[in-house]
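Across the two complexes that follow, subunit A remains constant while its partner is subunit B and subsequently subunit C.
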Partner chain A sequence: MYEEPYRWVEAVGNRRQYLDEQFKQGSPVVGVAYETGILLMTMNKGTPKLYEVYDRLGLGGMGHPADLEKLRFNLLEMAHVEGFNRSPSDVTGGRLVKYGIAPVIKQAFEEVFKAPFIVKILLVELGQKSGKDSFLTINYDGTFEEKSRYAVLAASSAIEQEMTAYLKQQPIASLEEAIGSAIRTLALGDRAQRHALEEGGEHGDVRTGSDQQPVDSETLYAHMRQCLADKTIECALLDRQMQGPTKYRTISLDELGKVLPGHLVTPLT
Partner chain B sequence: MGMQGDFYQLLKEQGYVFGVPGQAGAGQELTTATTILAFKYRDGVLVAGDRRATAGNMVMYDRTDKVLEIDRHSVMAIAGVPATAYEMARILEHSFKYYRRTQLQELSFEGKLRALSKLLKDNVAAALAGTGAVVPIFAGYDAEQETAKIYFYDILGAEFEGVEYAVSGSGSPTIRGILHYLNTWGEQPLSAMPEGLATIHALRLLTSAAEFDSATGGVNRDAGLYPVIKFITAGGVRTMPDPQLRSLFEANVSRSL
Partner chain C sequence: MKHIMTLERREGPVDPMPKAPRPQEEGGGPRRPDTGSPDKDSLMKRMRKVDPKQAERYRQRTGE
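Let's turn to the complex of A and B:
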């Protein structure tokens, strides 16, 4: 039934609608560079969504856990075989995405008789020097984008834009500042997604901004406290100051508690 | 499908072949020889190795690193053919990382021991032909049992626990006796020694090995060449820096002063 070209276009359109629907309930993911590393943050309900890919590569994902797991294994295989056969410094995020998984995701998306991957991926790469970090996002259709200071994943591209616009205004130098900004951005994204859900009905990216009003930090922290009733914050670092080749480490809630704003600590612990 | 998280299997599936064919190069003078040692001291395990690589009676290189950090909690010290040994170390390093990242947990200490054993087994043909013999010591911190441990291997891949100490390489017969004597009738057993004293003994042992084995390099103070000495404790692997080795050597090993 999809043999004719216009049918195929229609099928791909349907597929977009279906996929957009799948991400509406998910938690956004935030990645920001600070002076001595990169911070990755999201919320989960028990299943982790942040992973170590290679010595200087971290991954955050949204979507179906089984699909995310499959692509994560693809990335791990590519990175380790390359790192062993050539050298760890030849394993770069750009190559893994452009020649590795983006084509795989694109193909699955366009083969309308088969199931697509229900995933959005954020791959972050710690540069040798600060300012040389890279952030790659890959959408469910295989399109990817590369940025140098921050990137986010959210339910829709409108919400992603809202989040990055907010991040852009934040002063981020220290780890503390990065954590504070990431929490507020996460809350902003989650809030926007809930609003979009409530208004419901309409497909696509109808809403932009919360009535274009800048949201103050207090509101965002209050929203985050609400979220933490049934979710936990998940946090990982690519830390340039770590000894040895491996730079990835997770941040426990205890450690997070020490740098969090006081009024957020209580519901966390 | 192979075992989950098995990097070595993955490599093979991608067409990788480990080691050299058994017949190649037999009869040639190969780069070999060493003295490596490991013993338990008060805080964990000390692993040390000299730095000379030889081919027959020729000294090839005097800055070889034979004590290789595989991950934050384990060390492989190598004796035998460096080409094969380094390859093994590289496979192990990637295997442990790959396991940790795919399975989201650290490979157990026993799992790490088996991984090296498997590599040695796959290398048996080359080892018997004399082209790729490797006789390593593997030491690491066992998180489950909360203690640092030492294992040594034969070329066929059998693993033996060195309860108090282990030695390998051409210079090892000399110091094996000293270690036994020191541990049994010395002022205190090796396992009671603090880090500084343990280091002094390691330096003296390697200097003794170099005295009787031409394939073991001693200390070359003019060139600032000291053995490689690493410590494994609950906190991970740590290397003793050269300036500290120099002062310990000058105060406690050399008698020329």
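Let's turn to the complex of A and C:
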């Protein structure tokens, strides 16, 4: 049936539609660079979505937890084999994505008789200096993008663009500023996804920031308070100031509570 | 004047797509290094011998 080229294109199109549908209720992921490191933030309902991959590499993902776990394990294996056989400095995000998981995801996506990976991945790599950090996003079809200051994952590319445009306007130098901006961006993304679900937009065809009123911080914090009724904020850092080769650490809710605005602390505790 | 007749050199039919020689046909030349992935099952064991700290971190990260 799929031997004819048209049928194959049609099958891939259907698959895209199916996958877009799967991400509609997922929580966005935000990665932001600040002066001394990188902050990763998302929301979860119990299953973690942020992980350490290697000494200077962190991972955030959205999608099916089983697929994310499978790809995370592949990445871990690849990073450690590479680090053991060559040297830890040879383990880079670019190599892991370009020669490692992106081709695997692409192949799974295009093999229309098999199940695709229902997953979007953000791999962050801490540079030796500020400004040398790298953010790699991989879409469910294996397409990857490389950025240097921030990156996000969301249900559709329109929402991702809206979140990125918001992040671009934020002055981010300290960890506190990074946390504040990440929370507001997360709220913006989640709010846009919910609106898209309510409107029943197809193929991620949602109203974006360009035709909407700019959202103020209070509205975003109010939305976040609402989200925190059934979800928890998950937060991790790649911190250049940490002693030793490993730079990854998670931020506990207590620690987060000290930085967050007072009205967001109550739903956390 | 003597004419020397030389026979025209003829080429035999050749294979338009010759196959690369197999390793045993190559003779004693250098071989391509084996770049296949190493045995992953024994990775932990080998890592523990060489760098116990790295092995510990691997275990933590995988959740083993």
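As a working rule, the second predicted complex is superposed on the first by the 262 of 269 C-alpha atoms of A that agree within 3 Å, B and C clash if a C-alpha of one lies under 4 Å from a C-alpha of the other, contacts with A are read in each partner's own complex, and residues count from 1 in each chain.
Just so we're on the same page, a residue touches a chain if its C-beta (ideal position, glycine included) is under 8 Å from a C-beta of that chain, and two chains touch if they have at least 3 such contacts.
Quantities reported herein were computed from a predicted structural model and do not represent experimental measurements.
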{"item": "Three-chain arrangement built on subunit A, subunit B and subunit C clash or fit", "value": "clash"}
{"item": "First, second, both or neither for A:Tyr18, with subunit B first and subunit C second", "value": "neither"}
{"item": "Touching partner for A:Pro48 - first (subunit B), second (subunit C), both, neither", "value": "first"}
{"item": "First (subunit B), second (subunit C), both or neither touched by A:Val81", "value": "both"}
{"item": "Partner chain in contact with A:Tyr99 - subunit B first, subunit C second, else both or neither", "value": "neither"}
{"item": "Partner chain(s) touched by A:Thr246 [first = subunit B, second = subunit C, both, neither]", "value": "both"}
{"item": "Contacts on subunit A seen with subunit B and repeated with subunit C across the two complexes", "value": "51-55, 73, 76-77, 80-81, 83-85, 246"}
{"item": "Subunit B - residues contacting subunit A, complex", "value": "7, 10-11, 14, 16, 69, 72, 90-91, 94, 97-98, 100-102, 104"}
{"item": "Sites on subunit A touched by subunit C in the complex", "value": "51-55, 73, 76-77, 80-81, 83-85, 88, 246"}
{"item": "Of all residues in subunit C, those that touch subunit A in their complex", "value": "37-38, 40, 43, 46-47, 50-51, 54, 57-58, 61-62"}
{"item": "Residues of subunit A touching subunit B in the complex", "value": "48, 51-55, 73, 76-77, 80-81, 83-85, 244, 246"}
